[in-house]
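Think of it as A, B, C and D in the order they're written, each chain with its own count starting at 1.
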């Protein structure tokens, strides 16, 4: 038994996250569901921290928990009217869904398992300093090459300097996409006068 | 977790060694932080009462615990601890219970990444300031859940307002935080603090006009995101009874207050570190400060650390005091005005500042050389303003009538101020 | 600045383009306003709409226009200064140069300049090329400018007069500023016509006109002249028809336009001949090539005559010469400033200007035609002017008459004299027209002289400035008209002496000089002296505002001094027209000499006969004035009586020599008859063919339609029904429940993963 | 339990989150509940991405980049989805997705 803190906390957080995720599914009350979802997301963020992805974890907290989830709960409150808070799902549907879910999970674990048999874990560098890469993420977003080197296929070796992946373009696309979504969502959700509302 | 604490293990491992040491250290650090948050909450509540009292020409607490009512908050806390724990019948029990803890956790987690002095930080993160913003943003969720879970319309309204306000104010606040981050080139609060070593004009507040403006913008947003007056719409007494914590009492209620005062200090701490030189006094030159820390032996190091922590906490408290000052000075805004302030004013201003500071960063060195005097100018102007204000305070006090300020409002006697105006 | 110093000709290009800019601005603002009018009530559009002028007409367009033309005037003055630096003109000369014979010093003004100086005053760019890359014979159309002394003087004249007329118009068109203008001359079912004010539109047209006129003067080639020529024509059309609701105005505009088309047809013929045989439109190139072409016979002589006459026909139309003069009097329907600017001072002078420009193209035969055309015109018009009672019509016929003088001068070889008269005439005719405008404005749009009289006391400035103009046009010594008219008469006399059988060419203008004086003084006396004939008009008459009197005064000063030389009492010493003066500098003497058309003896004879002709003219003019004062001032003779004594003559003159009736009989009516025939042919024959074709087409379509419905649609329908049946079976899969779709999705994912794992294991096992 | 934490552990967790999200989508009748399911699914994917970033040096950058983009996309998707839900609510006076069956075959 070589349980260090890393392992211990991973199991702890992973199990709690899993339980909370199941809680999201089984809770009938939608707001409680949201609370479970909050814990799931926070747990996921914890997993990210454990996996040395500080920046992603913090982003997860800031955007998911502080933004998206608040928005979702906001939506719940805007649409909540007594009976709609917990809408009952039929038992048959529950049974079917659960069976399908279990089958899917089995399929997934099976494929993970088989693939790990044939493709063993790649060796990973366990140096924490190496993985604290928020700076590299930022450089990637700014268009400086940070990915693995890629050599242009060419007759002459070394004719062109190796290219490294950078993420400026996707970053810009996502920015524009967010802006468009912002406008679109505002347009969709704006207060409309009902047609023929005067009558 | 090993990664989180790596800096501490490196520092302490010779003395404790191995894994058990990590547990012990983690526990100690957590207790110290919780203790600090609780203690400062206690202090702030007392301070708030005294400040509001003085501002309203009252004395505030005077009796409990001796001369200044030192123990008033402790007494209140005792009362809250032993109060009956009431959960309304219509409330959603689970969410009602959950709310205060989520709020407190969000506020408390922020302290993990807050350096109180050079390397005096629980978790020396690369993205410390981002982390702090992130975890503080989860605080709002607790409040929403509390507002919803109470099953009361006042609470629900309070929660909704809180949600809208916090989500909106997070945006300009984050942008304002980015401004010194751009100047510093790192999100590591410890490094940012180190970069401001030296005389007062090394503070990022005076680095250039944009950071100067960014400080005020940030502080406004921070006040709003702590839901402090004049932005305290979530608990507006005149409209919503007590807002999201209408149904709360006892210990749960005090958790909300711990969370509020905790996040007040947290945002003040961020402001201190980003703009006001962190743990630096602003009086010692860079060489002297470095000498004291590194070359003056253990005594110097300890002295330096104690001084750092004291200076940092003093600065944080000063900013918290300013928040209280503002609370008792300005009237509360309407909710639409609050949102308008954010979206129509603070957001564009912060965006402009961001662009401006980025432009400043890419200015040619030759130009920067000539623009460097701005920081001296700003620093001297600010210091002069502070000195002038203090002088005015004392000189004004000497001009007050001997009977004290209270006599001005005594209706039976003609007011000296009015008389002075007439003559 | 450096560019201007190196190419001062560009100043003139800029001066030309300024009015175009003003035109464009006003036009765009107008478009913007029209586009915005439907939205003028919306709060966002309203400020923009108001910015572009809003609902009511404003003064802003006139500021643009007057600014543009004023700027052009200033540029012209600056350009003149530059020009004098490069081309020394002697201000005080003496006749001994001419007497000494040979090429005197003044020739240096033309030939002494170096090539570099020539380059500075001209430039061009390719506008269109028939065969790109080849810049040769009859392939390249260029736009360009070439500044010589004629251009310079014309620019000064046109811009100066146009500026003043713009200023005058600001006052005259005042009532167009109202949002609703009542037109008393147009009756509708609801009484008088009400329309929107057209202040901006007026200045829009004026600006376009100024641009066109300046461009015409600036041009260095016939093609560009032709473009401007047509632009000027369209401006004239637009401005004559400014009050287009009036039937008379729209008719007059049409008439002017159509009559000009006749002239322009000749112009185009001339252009085609030049293009085909000479291969270029550039004046200099034409003149350089011409002698060689004529000598070698590559250009047949009769074609050269035809080309000259064709171009002259264009000039006849534009300058309202007999027999195409009928449009000009009718053109008086336009607002008076327009009459002053276009139909007196500048545009009609374009014909004369062009004749001067292409002077070497005219063979002696062509010149004779020009001379006789001018002579007939000047006489006919003057006789008609005697009986006209409309103040503007009198001036219109006097314009025609004076233009006849210019043509005559050109025809008899007096190049300088003709263009000299063009310049002086512009000043005093603009003055007279503006004065008449002032009178009309002061009398509330009363144009009949029979209702005026005694206005001298009511509007003194107008009266005395107009008197100056009358004296000038009559040819009283020391007034500008005297110098130019003397020059013409001297030239005509010299010509008549040289060619005895054409002596009529001297007698007619001499006689007409007297008639001119008579009818001009008649006009002045009827308008300003004596007892008021119509009390109502007299009561309401008033002096006009400063915007209208200031131009009058300036023009009066101009009509006195513009032709002065040193000493002023010597008619042939006028700096404009003297031998060696500024106009003489650009006389195409060299080109004429190459074509053996120069006649030095004639020129010398003209110099010698100058004084004799002058004395004769003064005598005739004095007689004319005497008659006029006897009849209209002192009332010794009653004009009504003479009218009754010579009814046939009066009717003949009052009906304008029956020109309109003549044209109606020989042109208009036959044209209408032929048009009727053509219409009948169109209706019967062409339409019949068309109807048959269409019936056939309908039948074919019906057959095709049956085929389409039965066979093609049938196939399509079968396919569609099959697909519909299949879809009907399949649609039950789509339950409409979102969650069942998710379940399908998950099941599919399960299948996919199992398949994937199987593949992976297979691959790995191998 | 005795293995050091490796790729597979994270993948199992991601799969669990994914399956929970899918089942959540299939069972919740509340439109916002469906939306939560989507968030869960995306989180499962994110866990996988970050795990690959951690354990496969070739994906060290890409994994985290993709995780970030997924988070941003999720935020955008949530905004649009909520707007749609609000519209749905305006039209049907409920957020029960089973009432949206106008398009059934």
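Everything below uses one rule, namely that contacts are C-beta pairs under 8 Å (C-beta built on N, C-alpha and C of every residue); 3 or more make two chains touch, one makes a residue touch a chain.
Quick caveat, the model's predicted, so the values are computed rather than measured.
Annotation: A-D is the more contact-rich of the chain pairs A-D and A-C, by number of C-beta pairs in contact. Here the spacing of chain A and chain C, counted between their Cα centres, is 78 Å. If each chain is reduced to the centroid of its CA atoms, chain A and chain D end up 7 Å from each other.
Centroid to centroid, with C-alpha atoms defining each point, chain B and chain D lie 36 Å apart. Across the assembly, chain B contributes no residue that touches 2 or more other chains.
Counting partners per residue, chain A has 6, 50, 52, 55, 59, 67, 69, 71, 74, 93, 97, 100-101, 104, 108 as the residues that reach two or more other chains. Counting partners per residue, chain D has 22-23, 26-29 as the residues that reach two or more other chains. In terms of which chains touch, the assembly is arranged in some other way, matching none of the line, ring, star or all-to-all patterns.
Interface of chain B with chain A (complex): residues 1-4, 6, 19, 22, 92, 94-95, 98, 102, 125-127, 130-131, 133-135, 137-138, 140-141, 144-145, 148-149, 156, 159-160, 163-164, 166-167, 170, 187.
Put simply, chain D touches chain A in their complex at residues 1-2, 4-13, 15-24, 26-30, 32-33, 35-37, 39-40, 43, 46-47, 50-51, 53-58, 60-62, 64-65, 67-69, 71-80, 82-87, 89-90, 94-96. Interface residues of chain A facing chain C in the complex, by the touch rule stated above, are 93, 96-97, 100-101, 103-104, 107-108, 110-111, 114-115, 117-118. If you check the complex, the residues on chain C that touch chain D are 730-739, 742-743, 745-746, 749. Chain contact summary for the complex, chain A toward chain D: residues 1-3, 6-7, 10-11, 14, 17-18, 21-22, 24-25, 30, 33-34, 37, 40-41, 44, 47-48, 50-53, 55-56, 59-60, 63-64, 67-69, 71-72, 74-76, 78-79, 84, 87-89, 93-94, 97-98, 100-101, 104-105, 108-109, 112-113, 116, 121-122, 124-125, 131, 133, 136-137, 140, 146-148, 165, 167, 170, 174, 177-178, 181-182, 184-189, 192, 194.
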